[in-house]
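The following blocks contain the structures, represented as structure tokens.
Shared chain: subunit A. Partners: subunit B in the first complex, subunit C in the second.
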Partner chain A sequence: MSAQSIGALSGDSFVAPLEVAYPYKRTVGTTLSRFFNSMIEGRLEGTRGSDGKVYCPPAEFDPITGAALTEWVTVGDEGTVSTWAWQSEPQPDQPLDRPFAWALITLDGADVPMLHAVDAGSIDRIGTGTRVKVRWAADRTGGITDIACFDLLEGARA
Partner chain B sequence: MADRCAVVGVGQTNHTSCRADVSIAGLVREAVDRALADARISIDDVDAIVIGKAPDMLEGVAMPELWLAEALAAHGKPVFRVHTAGSVGGSTAIVAAQHVMAGIHGTVLTIGFEKQSDGNAMWALSVPIPFGMPVHAGAGGYFSPIVRGYINRSGAPSHIGVMVAVKDRTNACKNPYAHLHEPDWTLEKAMATPMLWDPIRFIETCPSSDGAMALVLMNEERADRHSGPKAWIHGTSMRSEPTAFAGREQVSPRAGELCAEDLWRKAGITNPAKEIDVVEMYVPFAWFEPMWLENLGFAERNQGWRMVEDGLTEMTGSLPVNPSGGVLSTNPIGASGMIRFGEACMQVMGKAGEHQIDGARKAVGHAYGGGSQFFAMWLVSSDKP
Partner chain C sequence: MRDVAIVGTAQRPSQVETNLTSVELILPVIDEVITKVGIDRSEIGFWCHGSCDYMSGQPFSFVAAVDAIGAWPPIVESHVEADGALALYEAWVKIQTGECDIAVVFSNGKTTSGPIDRILTLQADPYTVAPLWPGFDAMSALQAQACLDSGVVTERAMAEVASRSLADAKTNAIAYAKGDHSVDELLARPYTVAPLRAHDCGLPVDGANAVVLAAGDAARRLAKRPAWIRGIDHRIDTQRLGARDLTESNSARVAAQHAGVGRDKVDVAELHAPYTHQELLLRSAVGLDANKTRINPSGGALVANPAMAAGLARFAEAAEAIFAGGADRAVAHCTSGPCLQQNLVCVMEGE
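Take a look at the complex of A and B:
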């Protein structure tokens, strides 16, 4: 094959790589923008659904009725793990460079959990009911990674 | 015998180049809320939802139906997705109508959308597929040789394209939802715009838009009890063909002709140019108006441009084409076909406002997509079929 060839013979068939990449952007709209802006200020806000449940991260539209959600609730920066999985070998671009837990965390004042990382140190220090607290990133830009991860609270294991 | 079906609600967003104020979900929801309000029903009255958008590459979202369920208030309802390139808005409305005509659902909500500002349609449509010639020229580059083929074949004078463009941009000024509101075009100014893809000039191309269109369809029993104006569906048709094959007629694809012939037969139309009051036609590049006039049977071969030159497709002509301003004034691609279908409904419902064609009783919505491969049409009327 010449250096200019775009393909290679694989058995009886030519096969060529196809890498499609160009920049997109994502507009979150005015409702969800409030959530991302509040995180820059080190505060977590959620929306209250038609059944009274508080979503954080917020739902733009009610999952049950479809109504646009407009009632905002500030929730706590501490919460409770409902379930989790252990990342024993962290990959590049993941929140932590040492073993950690992915966890569904229901923040105090919220009813629906969010997915984030917990810097638990070892697998035997996390479980359902573990209490955790937000560790804010030093430089916050309005993204879910403004939460660097969650730390265990003292006496965290329920 | 299929059930009868009527459109009882039409709702669209205010289309523009970038709706930074809304997410994709919020954009879709704006059209849905307006369609439901127009039909004077709530989402609870809807039995099923049919959503269409294409191509996915435009925003880089492969399966929007997965996460739009909340914005569509689809909780507990069946949701279907349709995907046929640029014709998708038309074929989506057809699938929605078929659910009603088949007697499966009594009230169906259908939506087409596109948020072009989240991506770049030019490059999304120019992916250099291995083993193919990488033209990197977008849709305009693909269609320009076909337009030249039409000009050569028909002997049309070079100003026909700009006549269509100036007409559509002028019409759009009467449509509050249109993306482009440019009242000051003249033929001279239009002829002086740059040649983008020879022989297609800048004025003869569509914009990139954010927008959505939603329709509410009902079966006969429910539509009869509904007191508002209705657009009864007299026929729908869809036809397809490959992009390239030996002997393919590129200027007037056979699939388009078959689609129109099928529609006229179903709706009992023998002389389309005489019997149809208004057409919302998918014209993303101006020269496609005379080309489709011929393809759909409104004009004899090589004669479509004469209808344009004689002003017959103006709002005051015998066959107004795109009084809304058409795709040339608004092009959220995944919604554009449904905007054509919905604008046809608005005409026979008497809801088109300043761009209303007085007395319109029979209107056609038309969409095409891919390399002129997918054709979708419907004919709606203020009268029951």
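Take a look at the complex of A and C:
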């Protein structure tokens, strides 16, 4: 916790800026550990739910029944957009610093979509059903940001 | 079950970028509601507070807020790191246990002193979503696009919600955004996070509110027409956005069933819908017909969205409709989490 700059009088009140950050290490548990470790190797793995659906990122517990999920499935690095939104003004720490799409993406071999960014270039190049492919980060450390973003697949949408 | 009612409410007019401390924000509504209801502080058996430390930028910030209610002689109090509507639920349970007859519930949100869209992202999955910092508006936009794709909403229907809410807000002193704007005028405005436009997103404001809950005879003594809580239920969907059907609100539907919304007509519904498409989803999930039920006559969270207080504001507005006699049966609703993850539904009736 640190004051980023000195405060100032605002009317009758002294207002001091305060920027809070809590950098600490989290233990992600066995399921996400395997997922993130496989991402370092450039591979995407998910778990199969009790209804047969494949979750990627993996679900540790079945979202409906609560059962522990232990069957692993390797999924593809290409997928299909199931819904999207357009970030016309990127904000700090987001995956891209130019306008991009957020999307829920169902990876090939998975059934449940994941959230990530698509470097589509312009809003008219993305839509529901658009095919996309993982762009791996150059330096991978084990985290969802090991996927830098998704790229449009050639010919996905003119 | 004990009969429990809301017997009084107070809401602070919405402001932006106030320099007030949380105590200064809360104190006037505590004083107002106690004075309005006409109780002595010694009669209050429980105090319950809803707020969020992330907005204060300070752990245990709610402890300081106790200064707004006074802790001497000793009081019984609790805090939820959530909307004040969840604090109301806790107080309702407390009264059900028989430990007290009268409770004060209050909430505050100093929403505009930090980047609220970014702060609320911390409600998302901490490993697979939050590190991308999508923002609450963008996650809601993903939901809106899914609803548009499936045809359960249209951009015009969303703009109609905004147009109606802004017009209704003109008569609500608490509201911040207000005015007459035609649907066509709103649809001509640019997207912020497509498919959402600025008016599709609840306006962050600083606010505070308080309500008094009372049981049985105490409620009858304190209010001419108490707003009796006939059903209240809270349900949660999975935090995994991809595993939910974003074109409906399953948890709101289940909560509404358990709260008994469908047992009789609903005159007024105050739905906590921070995004226009979410009002449309909630109407359907809760089982409301906009031709028979007046939806959000206050203007709702679109015209004033104090984080952690906007849900309790819906309870206050619904109760006031019953106090005034304009409604015999009302629904109050609170949501939290991305894309309507959590839903609390309450049915109130006048006698």
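Basically, the second predicted complex is superposed on the first by the 132 of 158 C-alpha atoms of A that agree within 3 Å, B and C clash if a C-alpha of one lies under 4 Å from a C-alpha of the other, contacts with A are read in each partner's own complex, and residues count from 1 in each chain.
As a working rule, contacts are C-beta pairs under 8 Å (C-beta built on N, C-alpha and C of every residue); 3 or more make two chains touch, one makes a residue touch a chain.
Just so you know, these numbers come straight off a predicted model, no measurement behind them.
By the touch criterion defined above, A:13 lies against subunit C but remains apart from subunit B after alignment on the C-alpha atoms of chain A.
In the superposed model, A:145 lies in contact with subunit C only, and not with subunit B.
In the superposition on chain A, contact is made by A:60 with subunit B only, not with subunit C.
Contacts of A:26 after superposition on the shared chain: both subunit B and subunit C are touched. Applying the stated contact rule after C-alpha superposition, one finds that A:52 touches neither subunit B nor subunit C. Of the two partners subunit B and subunit C, more subunit A residues are in touch with C. Of the two partner chains, subunit B is the only one that A:68 touches; subunit C does not reach it.
Under the contact criterion defined above, the residues of subunit A that touch both subunit B in one complex and subunit C in the other are 18, 20, 26, 28, 32, 59, 63-64. The touching residues of subunit C, counted against subunit A in their complex, run 19-20, 57-58, 117-118, 126-129, 131-135, 138-139, 141-146, 149, 191-196, 238, 240-243, 246.
In the complex of the two chains, the subunit B residues touching subunit A come out as 18-26, 29, 43, 57, 59-60, 69-75, 115, 117-120, 123-124, 127, 129-131. Contact residues of subunit A toward subunit C in the complex are 10-13, 15, 18, 20, 26, 28, 32, 55, 57, 59, 63-64, 82-88, 91-95, 102-104, 106, 112-117, 123, 128, 143-145. The touching residues of subunit A, counted against subunit B in their complex, run 6-7, 14, 16-18, 20, 22-32, 59-68.
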